[in-house]
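Consider the two complexes below, in which chain A is the common component and chain B and chain C are the respective partners.
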Partner chain A sequence: MRITAIFSTVFLIGLMVFSDALMAQDTKDTKDAQKIMKKSHLAYYYAADDGVAEVTMTITDKRGKERVKEFVMLRLDEEEGGPQKYYTYFRKPSDISRLTFMVYKTPDGNDQRWIYVPSIDLIKPISADDKNSSFVGSHFSYEDVSGRHWSEDTHTLLYDSTLNGSKVWVIESIPKEKYKGFARKLSYIDQENYLPLIEKYFDKKDKLVRQFKAEQIEEIDGVVTMTVRSMENIKKGGKTIIQFSDISYNVGLDESLFTERYLKNPPRKYIK
Partner chain B sequence: MKRGLTDFSIHHPWLVIGIAVIITAFFATQFPNIKIDTDPEHMLSPDEPVLAFEHQTKIDFDLSDFIAVGIINEEGAFNPQTLNRVYNITAEIEEIEGVVVDDIMAPSTVDDIKQGDGGGLIIAPLMEDEIETQEQADYIFQRIKQNPVLRGKLASDDGKAMALFIPIESKDQSARIAGQIEHLTKEYGGDVKYHIAGLPVAEDSFGSQMFAQMAYAAPATFVVIFLLLFSFFRNFKIIVAPMVVAVMSVIWTMGLLIMTGNTVHIMSSMIPIFLIPIAVINSIYIISEFHGHFTKHQQKNAAIRHSISELFVPMLFVSLVAAVGFLALAITPIPPVQVFGVFIGFGTMVSWLLSITINPAFATLISTKTLHRFAESDESQGFLSRILHLIRDFSGKHRGGIIVGALVMVVISAVGLSLIVVNDNPVKWFKKSHPIRQADIAMNAHLAGTYMNYLVFEGIDDDDMKRPEVERYIEDIQKDLEEDITVGAAIGLPDIIKKVRYELFGADSSKMVLPTSQDEIAQMLFIFEMSGGDPDDLFKFVTPNYDKANVWVQLKNGDNRAVSHVVDRANDYMARHPLPMGIKAQWAGLPYINIVWQNLMVGGMREALLLAFLVVLIMMTSLFRSIKWGIISMLPLTITIMAIYAFIGFIGKPYDMPVAVLSTLTLGLSVDFAIQFIQRLRTAYRRTQDFQQALHDNFEGVGRAIMRNVLIISIGFVPMLFSSLVPYITVGAFFLAIELVSGLVTMFLLPAIARVFQKGLFPKPITKGEN
Partner chain C sequence: MKKYVILMLLILPALSLAPAAQAEIYVDGFLQTLQGARLEKDNPTATEFTASETRLQVRAEHFGDAGEFFTRLDFYYDGADTSSYAWELREGYLKFRLGQNFDFKFGRQIITWGTGDLVFINDVFAKDYRSFFVGRDDQYLKAPQNAMRADYYSPVGSWSLVWTPRFEANRLPTGRKLSYFNGQQIVGEGFPFDPPLPDAEFRNGELALRYSRTVGSFNTALYFYRGFYKNPRGVEMIPVGSEFMPQPIYPRLHVYGASVRGPMFGGIVWLEGGYFDSRWDQDGDDPLMPNSEMSGLLGFERQIATNLTANIQWQAEKMLDYDIYKMQNEMAGMYVRDEIRHLVTSRVTKLAMDELLTLSAFVFYSPTDEDVYARFSTDYKYSDELILSVGGNLFDGKYSATQFGQFQLNDNLYMKVTYGF
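Our next item is the complex of A and B:
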């Protein structure tokens, strides 16, 4: 009796794995992982032409202690999938309020970054050598915030699946050149809106190091937007949640806002 | 009872031996469950506040214990070959299981804070890849020198030494990881000397070497004692019993210790070594007595009965006294010392029980023919007899001189005792020639130190550590601590803030000062985080909420005295300069923990010794039913303890953990001779009613046994003097000293006192003495 039960269980599992593999073979032929990742990148990082949002970042360290940073973020796309400009104005913690930060992102080169430090009333360039370093002390890296170009990795569509009722593609990305950020990444891309629902980052020993999650997705001004996202450090512990609110798209941000002048004097139109 | 046990052993020798063997086998089956624990943190009870704080500090700042790897070349270590070798060794160390990869400190893993293009700030790895030119090597060296966080730590100022700090997940892996690192360094070789140091390595290696030493010392001691026994008794069969008693006592005790779930700590690993002499001494009395009686009367069973009945009371008392000495250790606040005391106390009683059963049982089984040969060995003209007679004559002629001499010795000892220096350092448990000691010496001569203490500041609210007056206070106390010769470097959050500010303002040294506003402090730290600085690096010095800060106080010397001096210096500083409002300061780190348990131990040992002394005095008084005899019987042990510890004071040997624990062993062992001598002298006097005759008999009987014991135990432990572990050498030297001093004091002083105070001590019996 028992043996039969075990056998049938084993058989069922085997069948499931087998059919999964069959399906993977099938989809791999029809879909192009490269294309999916490009579309995903655009949907995630280049929504609309520009955008303004209030951001609340909650950093929980591994002891469970929380720190909150609040800032306003302005984004202007110069070209879909191409250069972008970011402007960030910090509100909290209070001892860094009025500090501003600006990035010129160039996908195929080094970004340029500047910071305005109110306590010494100075604008300083900031190194952009290491895109893997932490973004304002959170568990997100600069690259997690501004995006890693899809052409830097080789993508393979492993299989289709469902995640919380959404159909997803599971895509494996492996850096073309030796890379500090990860050795392998698994992305679960929503088949409807192309947003990454989960990203798993593995190190060279193939241990899961970090995990990204889309916590909440809403439609704002007709744009499907991830309003809450999280990054968890699986290896060392700790988690950061980034929450976007007061989002507006296509507000007509002017290029001139992204200059040194506005670093010292934030544009009151968008930053109250 | 005494008759019963002996008779039972004589009538059923095989049954007695069989039962003992079965019990021994039972305890032996426990040995595979042995758990070794050499973590000195466990010298403290788990609820000791300092341990809770240590654990909290490690969590708060994500700290690990570490292994320090030194790379030294007297011609200069900063060249492309050496740096590339270190680069590759570091990469391979990252692959070792149990290494906290993210926190490794090496040229290729640490970040440098420097100026970027356009006057900005870059925080980037110091050595990103292998290098080619000497210029690149020089640049790396210069950057280390200019970084307060790295200076002295990663490289010596003369450029001859480099160090890597390898954090490990747990201390009990450090010997293994150190071994793997050593293997790597051998593989890469080069014209440099590699050293591996750090407290965790010393402590963990001690655990493994301890057993290697035991495997050598215990059999060697056994063989020497066996040979000495043979030279005295000339009969293999008769001297097997003492060895069996010793082995069984050790197995029962260690078996029970393991069975009850106790770990074998540095202390308890010495139980076998301590038990062997205790077990052997009892048997030697029995065999000596048996030999004397059998030689005269040629009656085996009568000789056995006579020996046991003669020795039962003194042996029971000797064992009880020794056991009390050990049990007194249970009042010390150090759990491994408590375990040691309780179990060796148990072992002492086991060895007594086995002595009075196994010895008779073995003697019964020996054929009379063999015994006749045994009895033939003539004792009256031997070397031992000559010495005995010499002592007897001397103590008779110079009784006054001996007493005066003893008094002088006590006075001189008191001076020596006052010179005792309390000090300990687990690294120094290894001989100076040992690689661990060599590494310690070489690295601490060049670099900022291989010992790490932490001075933790704790505020009330979040962000308290950003307050300018708090940062300035930390900066000032760091400066003060760095003036201490033991402190190689004291590094904290102020150094990072100042370094960021300095580089941000274009390496302007006038900007290498702390900001005066909290906002600026916060913004400098924010720039650090924004410029590629790893927040985890920052959080080694401050909590993410900025409610606690941590100063890394790197020490060149792990001696408890040196560490205490640093702690006292900080306390003194804080007394003179009150801490800012709401801020508390507290120490953490392995060197600090070592001084905490040392202080507890020194105090605890003093109390244990005093308690044992009092209890023994009461026991002696009741044994001899005389306060006078009670006090006299305490003289040999008192003088022995004083003389040995005075000697330690005079030669400047530090009073460390092994020395402290040996005080109770000294008490237990050195009271032995006095009990035997006095008890037997009084018995002889009661029998003969003739003081001179009694004294004469006593020298011939128990005096001979005492001399045998002195020789067997003091010589028997000579093999331990050749150990590579200092505590083992200390134990060997103690056995030698205890036996010699207490033996000689007993043999010279007690007869002298007995003679001088003969009237008071040996009253003429009223009934028989009249007329």
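Our next item is the complex of A and C:
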């Protein structure tokens, strides 16, 4: 019985891989897929030139227990598709309120991160080369939040489809170098606005482990924005919902905001 | 009727203001209870508890266009100390900006700079080891200073100036909850530790300066401090009747230093050095005053696995005019430290259960002093509000006179429950 089950699972997975590969053979359009993923990355992570938003993160663990984090996020794109700077000011919960966090993100992956703990007036650079570690205890990883560069994976357009009435491209991404985050990813990219509506992350046994979903998309200041997104850990259970509100774009964030000075003195113009 | 109208006229504006005021003053804080007990039976301290306290911290802040204020006020009942209510203004400052480049922070504040992890060279701001050794939160390691701080920012670096008019000493074990070495032996109850502060004179204020600049991805800094040793490292002989009694005092100190910190080898590296200029013993020949010292620190931290971070630090402190010191202490039959004191520390932090559980251990070990101090803690976030913690502080040493050896009877375990709001 068990052997049959194992066999059929393996067979099914094999079939899936095979059929996907077959589709890939059909479309053969990895170049287009590359382009789509680049555009998608820019639409999703580089909306406008800068942005400010209030963020509410609801983390539900596998037992159904909820935890809520609230913070303000500032983002400045130095170059479209290039380096970015992030600034985060935590409001809740109480044990991390007023804590600030800053990231200099570079596409080559040598990010720099700092944390400021106001209760001891301490600025601390964080040594973090593991992008897969959880973003503040949520089911999103650092990389999910700041984006994995499109050039790190080989993308293949599998097929066109529709998802909740939107036309989507289904794209398969395989890391060029062995990667802990996933072995294979399926993205459902909206053909109109290039936002990823669903992302499925598979492990090396090709088992679905995590699933990302765009829960709500709105147009803000003329920018199509994902205002609610979720990440579910299918393998271990648990889900995180990130909700953006009070979003403003192109507010003219100055580069000087992303320095030690403002890490210690939150810019009250944006963080009230 | 007229009365009502007047009353209404008074109340209405007040009512209309109330919601606005409520919205603008942001209040939060926590309630915490901490219980700790000694592990050593024959400690000469007055109490077996190293902590038995309940604490309410209220934080309030308000900001306007020109500036902001912040207060952090602690109310507590300390049953292990003198069984009484007390309160402390941990922070109470106002912050404002003049022009584009000047920031000011005036009032009671916590100040930290330098690169070390729980090892301080150029950070000559007050520490609270009474809190540090009994399991209070990390924020209590720093004692507040009543200070005026000015920061000037420019493209070629930033300057910081901190003026503390009234000298703020480190808070050291007093013998009540924690025993300590008084120059002759480890003492507890009956040996009140209360060295006199430098006179309240303008010239006795503390001045701390820093210039810092980011070069590439490295942060570099130069430091200067003019004030006093934060621990009473000197002794004054005071006449008591026909005899002279030794009285610990805070000798004058200047510190000159520099630091650099940045990413390297897949982690963070820091290097810091300082020259401790003992102003009242320039030649190192006064047996009652500390000799000048050179201190250097090298540290490295990196994430060694997912959710597992470790660091290691090495500090070397070289005493100047060591031969004179050695001769004097040998003649007096006192402990003689090595010329170069080495200290190695390591911190390991593990996050587990979706970062709800934090396991942390920190060890200080001096091969030259032959003493060790280990602290460990486990914090579990049961909910966004409730945090449960247990931990311990363990000391050991071959000699009673060394930095950690003197606390060898103070091993303790504690538990702590915090409710944040």
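What we mean here is this: the second predicted complex is superposed on the first by the 240 of 272 C-alpha atoms of A that agree within 3 Å, B and C clash if a C-alpha of one lies under 4 Å from a C-alpha of the other, contacts with A are read in each partner's own complex, and residues count from 1 in each chain.
The definition used in the following text is that a residue touches a chain if its C-beta (ideal position, glycine included) is under 8 Å from a C-beta of that chain, and two chains touch if they have at least 3 such contacts.
None of the values given here were measured: they were computed from a predicted structure.
With both structures lined up on chain A, is it a clash or a fit for chain B and chain C?
clash
For A:125, decide between first (touching chain B), second (touching chain C), both and neither.
In the superposition, A:125 contacts both chain B and chain C.
Could you say whether A:134 touches chain B, chain C, both of them, or neither, answering first, second, both or neither?
Both chain B and chain C are touched by A:134.
Classify the contacts of A:61 with the two partner chains as first (chain B alone), second (chain C alone), both, or neither.
A:61 sits against chain B and chain C alike.
Looking at A:115 after the superposition, I want to know if it touches chain B, chain C, both of them or none. Which is it: first, second, both, neither?
In the superposed model, A:115 contacts chain B only, not chain C.
Give one of first, second, both or neither to describe whether A:92 is in contact with chain B, with chain C, with both, or with none.
second
Return first, second, both or neither, reflecting whether A:101 touches chain B, chain C, both chains, or no partner chain.
In the superposition, A:101 contacts chain B only.
Output check: A:178 vs chain B and chain C. Expected answer is one of first, second, both, neither. What do you get?
The answer is neither, since A:178 touches no partner chain.
Superposition on A: which chain B stretch among 21-29, 39-47, 111-119 or 345-353 collides with chain C?
After superposing on chain A, the stretch of chain B hitting chain C is 111-119.
For chain A, which residues belong to both interfaces, chain B and chain C?
Touching chain B in the first complex and chain C in the second, residues 59, 61, 65, 67, 93, 95, 117, 119-120, 125-127, 129-130, 133-134, 136-137 of chain A appear in both lists.
Quick one: which bits of chain C touch chain A in the complex? Just the residue numbers, please.
28-30, 59, 63, 68, 72, 95, 103, 109-112, 137-139, 141-142, 151, 153, 158, 212, 214, 217, 219, 261-263, 266-268, 301-303, 305-307, 309, 354-356, 381, 383-385, 387, 418, 420-421
Which of the residues in chain A come into contact with chain B in the complex?
59, 61-63, 65, 67, 93, 95-96, 99, 101, 113, 115, 117-120, 124-127, 129-130, 133-134, 136-137, 236
Could you pull out which chain B residues touch chain A in their complex?
59-60, 62, 102, 116-124, 463, 466, 504, 515, 517-523, 526-527, 529-536, 539, 543-545
Which residues of chain A touch chain C once you look at their complex with the stated criterion?
So the residues of chain A touching chain C come out as 59, 61, 65, 67-68, 92-95, 97, 110, 112, 117, 119-122, 125-130, 132-134, 136-137, 238, 260-261, 265, 268, 272.
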